[in-house]
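By letter and in written order, the chains are A, B, C and D; residue numbering begins at 1 in each of them.
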Amino acid sequence: MTAPSLKVTIGGVEFKNPILTASGTFGYGEEFDEYIDLSRLGGIVTKSITRHERKGHPPPRTAETASGMLNAIGLANVGVDAYVREKLPFLRNLGTRIVVNVAGFDTDEYLYVIDKLNGHDEIDMIELNISCPNVKGAGMEFSSNPQIAYDIVKKVKGICGFPLMPKLSPNVADIKLIAKACEEAGADALALINTLYGMAIDPFNWRIKLTNITGGLSGPAIKPVAIAAVWKTASVVKIPIVGIGGIMDYRDVIEFLLAGATAVQFGTANFVQPDCTIRAIDNLTDYLGSRNIQDVNDLIGKAKKT
Amino acid sequence: MTAPSLKVTIGGVEFKNPILTASGTFGYGEEFDEYIDLSRLGGIVTKSITRHERKGHPPPRTAETASGMLNAIGLANVGVDAYVREKLPFLRNLGTRIVVNVAGFDTDEYLYVIDKLNGHDEIDMIELNISCPNVKGAGMEFSSNPQIAYDIVKKVKGICGFPLMPKLSPNVADIKLIAKACEEAGADALALINTLYGMAIDPFNWRIKLTNITGGLSGPAIKPVAIAAVWKTASVVKIPIVGIGGIMDYRDVIEFLLAGATAVQFGTANFVQPDCTIRAIDNLTDYLGSRNIQDVNDLIGKAKKT
Amino acid sequence: MPLERFPIPGTFLHIKPNTTGTDPLLRRAFSIFDYDETTGTIEILYKVVGRGTEIFSRVRPGETLDVLGPLGNGFDLPLTIDNLVLVAGGVGIPPLYLLAKSHLRRGFDGKRISYLCGLTTVAEKPMADRVEKLPINLQFATDDGSLGFKGFVSELLRARLDDGSLGINPVICACGPDGMLKAVQTIARAYGKKCYLSLESIMPCGVGTCLGCVVKKDGEEKYVRVCREGPVFEATEVEL
Amino acid sequence: MPLERFPIPGTFLHIKPNTTGTDPLLRRAFSIFDYDETTGTIEILYKVVGRGTEIFSRVRPGETLDVLGPLGNGFDLPLTIDNLVLVAGGVGIPPLYLLAKSHLRRGFDGKRISYLCGLTTVAEKPMADRVEKLPINLQFATDDGSLGFKGFVSELLRARLDDGSLGINPVICACGPDGMLKAVQTIARAYGKKCYLSLESIMPCGVGTCLGCVVKKDGEEKYVRVCREGPVFEATEVEL
C-alpha cells in the first residue's frame, strides 16, 4: 500500500496536509522553530496584522477557564511595514504555506494592509479577520451582519492579489447567513471559528480577570460550537471551509473534516503542546493507513447521521 | 455576629437564598427528593412545559464534551394538563419557590399554557423559554430578534398571572438588545443563558453523536460566555438577572453575583453531584460569614476592574 | 463504600471519574459485580475503553472515589422459577455473576442455573474467573472458537434451547453489547421464553432527571429511562 | 527529566498538570530549584495554591510528568561582581538558591553572598532548609518576628544597605510576590544599586507566542514577554 495522500486544495492553493496553525497562537512562526520542523506543517497563519504597530492591551491578558482560556491580547502586532520588513523574510523559505491574517478597524485599514502585502510572493493566502472580539470596532460588526460582511469582502477581494479567506465569528445568531454573504462577495474559502465572547471574575478578590474585561474564549470548551458552525456552513456554501476551535489532536482534526472542513487550524493547543501539530500529522497518517483510506479528502463532510 | 442573610427578591418574589435549579436538569423535583432536602433550595425551575405531551427526540440524546455536555432531549414533557394534574401537587408544599418554565412553538401555545397555569397559586413565577435551541421553530427565533422577543413577552405579560422571567439564548450577536426589548415589554426579570448551539462527531465510527444532529452545550465550558452575558446585560437593564451556565459550586455562584446576577440556577451540575445546590448554600453562607458580609445582596454587581 | 445489605443484582453505581477539574465531567455507570457480606465491600469489574475508565485504572488501593448508588431497577426474579439462564457478553458478565450468586445464596439450586458466557477469545477468560468458581453450569462461546462453542453466545443459547439442556421454562437474563441483546431478544421471542435484558445507555445523571438515557418502548411512541425504569427490562418492553 | 548541564538560575520549567482530560488545560511554570550533577536530576519547590499544584502534590515517585524547558532568560551575572545580595520572599526562594549554588560552584566566595529570606512565620522555615546548608550569609525576616528580623524582607534589605554589612557594590537579585519586588525595586533605585528581578506572570505558552505574559517596559508604551525576555529583568527595565 502506498502512503495515504494528505494533500488538500483551498482557493487554488495546495497544502501538503490539512493541518495549519491558527492566527495569534503561533507568533510569526519563529518561536516554534526550535520545537518542530516547520516545513512539515500544512501551513502557518500568522498573527493579525494591522496598519500600524499595536502594543496590545495592558496585562493581565489571559485567564484560564474550564477546558479553555480567555484572551484579550488586543491585536498586538508589529504593523504591516515592520511585518513585511522583519517577519516575512523568515517565512519565505520554510517550505510550508504562509497565510497572512489581516485585521482592521475600518475598510480603509484592510485595504491599506492588503495593498502593502500585494506582490509579496512568499504569501500564499490572506485570512481576513473580520471577527476579532477584543478590540472595540475592530471587526466585530463586519462579521455580525451579512450586508456589512458582504461589503468588506467584496472591496478587499477587488484589490487582493491572493486567495481570500474571511474568518468568521461564532457570536452570531446564524453563521450561515454571514458565510453565504462572504461567498457571494467572492471569498475563496472561509475560516471558522474565531473565539467566543467570554469573561471571568475571581470570586475571592472580586476582580475581573482581564484588564480588558471581556476576552475571547478558545480551547476544547468551544469545539462543539465550532463543529456545529462548520457543519451548518458546509451545507450552504460551496467554497472550502477551514475549521478552527478546540482542536487538540488528530481525533479532533478528523471530527472537523467529517463535519465538512477541508483543513483545520490548531490554536490554543500549541500552548499546551508545542509539537501538537506534528503529532497530529503523524497520527492522521497512521489513521488513514490503518483504514486503507488513500486520500484525506475522502473524510470531508462524511459524518453520518445516527 | 448574626448569620448572614441570603434572601433575594426577584419580580416581587422573595427567595430564601439565590440558589435555584435550572429547567430540564431537575425533573419536576421529585427525583431529587431522596438526595436533598428540597425545602432548603431558593427555588426549583421545572422542565419546560408545552401545550401537548412531547416524547422528545430519539436517543442518543446526549454526548459528553470537554468540560461540558450536549443535549437534544427535545422538550420531552408531560404537557400542561398532566403537569397541573400530576406534577404540581408534589411541588405544592415543598417549602421552596416554584418557577414553571414554559415553552412553545408559536405565540398561541405560550398563551395557552400560561392560561392553564394561571390561578395555580403554588406557582411563584413563570420562566419563559424563548431560547431552546433543540426544536426547530421552538423559540429560537423569539430570542434572536429584539422585535420578536418584545412581541411575545408583551403578549404573554398581558395575560400572565405571575411575575414573568424570559430566558434568553446566548446564540446571538448582542444579547443586550434582546434583554432590553424584554424589559421594555414588561419582563419582571431575565434568566440567562440557555445552552449554546453545539455538535459532536465520533472520529472512529464517523457518526454524529446526537440523533437530532445539533444540541445544546451546557456545563463549565460555557461559564465564561454566561458571565459575559450577565455582565453586559446588567449594564443595560434595571430588572433582576438570574444567571445560568456552568455553575458547579459556591465559587461560581459568587462569580455570577459579582457579575450582576441576583440569583443563579444550577443545571448540569445536578447530574454530577445531586447535592451540589445544598453544598453551595452552605459554602456561600460560610463565605459571607467569614468575610463579615451581612447580606448576599452586597455581592451583586460588585466585580472590580483590574 | 461499605454497603449494608446484599445489593439487588443488575443495579449499578455511578462513579465520578476525577477529583480535580471538570473534564471528564460526567459520572460513569458500572454494574455491581460482587459483594462481600462480611466486610460490606462492593466490587465492580470493568474494561478500560475511554478516559473515565482509564482514570479508574490508575486509582490505587486506599484512594477514595465519589460513588452514587446502588441505582436503578435490577433483576426481580422469584426463587420459584424453574431454571435460570444467564447470557453474558464481555462486560455483561458482572451483573449476571451477582445474580447467580444471589440466587445460590438464597438457596436456589445451582444445577438449575446455566451461565452462557460469550467472549471474543480465550485470552479474555480471566473476566469469568469468579463465575467459574460458582457451582453452576457454565459454558463458553468465543468468536474464534478458542474456548467452548465457536460463534456468538446468542447462537449458543439457541443451540441449548434446541437441545433442551437448559431445562423446563428457562427464564433468560442477558447483559452485553447491543447486537447480542437484540439477538437474544429475537430468540426469546421466537422460542416464547420469558427474558430480561440489562441495557446500557449513556447516562448523564443516573437518577432519572436528565431524560438522556432513554430507550424506546416496544410498539409505543414512548421512551423509558434506562437509569430509572431500567437498566433491567423485560425483553418485550423495549425496542432495541 | 535528567538535564545534561547545570541549568541557568532563574530559568523555569513549564509542566502539564494532567494526563487525562483538558481541565486544567494550561501548563504551570516553576523555577528550577536544584540540580544534581551526578544524576542530572532537576528539582522544583512549590506551594500548593490551586488546582494544578494540587494535582502535582498527588504525583508519586516514579510517575512521569510532561515537562517543557528549561525556558526563559535567567540571571546572567559575571563572577567579577563584588557582592551578591539575594532577596527571596516565600516561593521566590528556589531560583535564588540555585543562583547562590551556581556561583559557589564556579568559585565565587560564599562570604560575598548574602541571602535575605522573607517568610510569613517561622513555620515556613523548612522551605529554606537547603539554603541553610550553603556556606553563605543567610538572614531571615518574618512578618511576625518569629524568626530573625521582624518585618518585610525589603525592610531587612534597607537596614543592611544602611549598615553597610552587604559589602561594596552589592548586586541585588530578588524573587517573590509583586509587592515585595516593587519595594525592592524602589529601594535599589533609591540606593543606586544594580538590581535584577525575577517576575511571575500568568503564562499560557511559556515559549513566547501567545503574548499573554507581558509586563510593561519602564517609561515606554511597550510590553515585554516575561517568559521569553524574562522572567529575570533588570529592575530599571520594567514597570511593576
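The working rule: contacts are C-beta pairs under 8 Å (C-beta built on N, C-alpha and C of every residue); 3 or more make two chains touch, one makes a residue touch a chain.
Just so you know, these numbers come straight off a predicted model, no measurement behind them.
S.K.: Could you compare the number of C-beta pairs in contact for B-D with that for A-D and name the larger?
M.R.: Greater number of contacting C-beta pairs: A-D.
S.K.: Measuring between Cα centroids, which chain is at the maximum distance from subunit A?
M.R.: Centre of mass proxy via C-alpha means gives C as farthest from subunit A.
S.K.: Report the inter-centroid distance (CA atoms only) between subunit A and subunit C in whole Å.
M.R.: 47
S.K.: Would you kindly tell me how far, in whole Å, the mean C-alpha position of subunit C lies from that of subunit B?
M.R.: 37
S.K.: Listing for subunit B: what residues touch at least two other chains?
M.R.: 60, 66-68, 219-221
S.K.: Using the touch definition from the top, which residues of subunit D touch two or more other chains?
M.R.: In subunit D, residues 21-24 touch at least two other chains, as defined above.
S.K.: Report the topology of the inter-chain touch graph, choosing from line, ring, star, complete and other.
M.R.: Here the contact pattern is complete, since every chain touches every other one.
S.K.: Considering only the defined contacts, which subunit C positions touch subunit A in the complex?
M.R.: Those in contact with subunit A are residues 21-23.
S.K.: Considering the complex alone, what residue numbers of subunit C touch subunit B?
M.R.: Listed in rising order, the residues are 16, 21-27, 66, 68, 201-202, 204-216, 221-223, 228.
S.K.: Across the complex, what residues on subunit A touch subunit D?
M.R.: Result: residues 24-27, 31-32, 35, 55-56, 58-64, 66-69, 71, 73, 76, 219-221, 248, 268, 270-274 of subunit A touch subunit D.
S.K.: Any idea which subunit A residues touch subunit B in the complex?
M.R.: Residues in contact with subunit B: 60, 65-68, 70, 144-145, 171-174, 196-204, 206-211, 213-214, 217, 219-225, 227-229, 231-232, 246, 250-252, 254-255, 258-259, 302-306.
S.K.: For subunit C, which residues count as touching subunit D in their complex?
M.R.: 18, 20-24, 51, 54-55
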